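Read through the structures below before going on.
Both complexes below contain chain A, partnered by chain B and then by chain C.
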Partner chain A sequence: MQSSSGNRYALGDKVQIVDLMKAGHVRTPAYVRGKYGTIDHDCGNFENPEERAYGRVGRPPIPLYRVRIMQKHIWEDYEGPEGDSLVLEIYDHWLRPA
Partner chain B sequence: MPDPLITDIGGHPAGEIPKEEMNQLYWEKLMIAMFGVLSSKGIYNLDEFRRTVESMHPDEYKKSHFYWRRLDAMANLLVEKGHINYNELVRRANERLASGRRDHAV
Partner chain C sequence: MTHTDDDHGHTHDHATPHPTREDDDLEMTPAEAKFLALKEMLIEIGMVTPAEIMQRLEYNSRGTPHYGAKMIVKSWLDPEFKKLALNDGRAAAQALGIEITDAELMVIENTPQTHNLVVCTLCSCYPRWLLGEPPAWYVSKAYRSRAVKEPRQVLKEFGLSFPEEIEVRVHDSNADLRYIVMPMRPEGTEGMSEEELVALIPRDALVGAALPGQPSGTVTL
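What follows is the complex of A and B.
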């Protein structure tokens, strides 16, 4: 389902955060790679920080989403409340439909 | 597979977190102001700053403080982009150190 912004994910869509095995400056922390979550918010489109970090332009802007992941899915030994979740901002190319 | 970034520490044991009031030093105020000006003038951007910090030696990164990282990254970016000369930076820093004037007053 496409969102009203024209971006490929809409609120509530299930996604997996992929591991692009990319060296250099990236914004997706290691501990969430491979994890499943849902789209919580469409932040809009931004110039790619992975390009801007090296003096390149980073255009066209790419979609950035807030993805919600259950804490117990991230940490096997998580001892907090069952419903705890983490929301973090992930760029479109680090996501695939799940 | 590339090594994880030195800043990518989510899930690592944090150890004891010191809770103490730290006064901001005079040079730290000046440096933050300069950092902001150079950033707003488009000399470098936040992503370049992060990339520069991430390229620090891991041992240096662990020992470093907030302001040191910022200062090192700012200087490295100015050298990288040709705004200042590395040898001149080292020469002038050494002159300042030798003069005994460290400007570390609060």
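What follows is the complex of A and C.
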């Protein structure tokens, strides 16, 4: 299902954050790589910071989503209730449908 | 006595003639020394001017938690404005006459079911144009690493406890958006003026580390 912005994920879609093993100025923290979550918000398109950090253009802008992941899924030893969650921003190419 | 360069025991042939931190008596860390050296080199090769650096510093300190508090109170008092703030934070700030920059602003609303906490694990992203420079604890490695992993423990250290039925939701400000938390309006504040309400909102409430009407806890992260 496509979102209203034409981007490939819509609110509530299940996704997995992939580990691209990409070095450098990446914006996907290690603690969420490989984890499953749901699309919480379509932030629109942004110039790719992985390119901009090195003086390259970073265009065309790429979709950015806010992905919600349950804390118990991120941390096995999470000390808190099942309902606690974390939301963070992930660029399209770090996501795959789940 | 005439004050000459010789009094310092060094010559003044650098782009920045005086020590940057002359009234800072703490030992300079290697990272700070590197930063200062890099800054001087960039100035020397003409990539950036001292005036541009100063301009940026002044720009960063133009924001103030007071602006954030005003946005929140306006949202408490005006449902239409609240809708705007939640849909388009920048537009809401602009409507209050606050000068905005390119950075997006997402306003995250606390509800009876959810308490929100903001952190930037990768660096120290913070809506500076709105709130000014972040608190020291916000940029500390301890906060940045612990807030995502044990948020309830961290909140407890700020003096906040939430029952298990309330979801604690952490927002990692890791990419292009910036965040402020919209706390719930405290009970018993119905008759208060806008100014009185603004005064209720501590700076730390704007990232979810405090609540309106309660002074921030003493933090030892």
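Just so we're on the same page, the second predicted complex is superposed on the first by the 98 of 98 C-alpha atoms of A that agree within 3 Å, B and C clash if a C-alpha of one lies under 4 Å from a C-alpha of the other, contacts with A are read in each partner's own complex, and residues count from 1 in each chain.
Note that a residue touches a chain if its C-beta (ideal position, glycine included) is under 8 Å from a C-beta of that chain, and two chains touch if they have at least 3 such contacts.
Just so we're clear, the structure is a prediction, and the values are computed from it rather than from any experiment.
In the superposition on chain A, contact is made by A:64 with chain C only, not with chain B. In the superposition on chain A, contact of A:89 is made with chain C only, not with chain B. Of the two partner chains, chain C is the only one touched by A:79; chain B is not.
In the superposed model, more residues of chain A are touched by C than by the other of chain B and chain C.
Within the superposed three-chain model, A:24 lies in touch with chain B and out of touch with chain C [touch as defined at top]. In the superposed model, A:49 makes contact with both chain B and chain C. On chain A, the patch touched by chain B and the patch touched by chain C overlap at residues 29, 31, 49, 74-75.
Within the complex formed with chain B, the residues of chain A that make contact are 21-26, 29-32, 49-50, 52-55, 58, 74-75. Across the interface of their complex, chain A is touched by residues 1-2, 4-5, 8, 10-11, 45-48, 50-51, 54, 81 of chain B. Residues 27-29, 31, 41, 43, 46, 49, 64, 66, 68, 71, 74-75, 78-81, 83-91 of chain A are the ones that touch chain C when the two sit in their complex. In the complex of the two chains, the chain C residues touching chain A come out as 104, 106, 121-122, 148-153, 164-165, 167-177.
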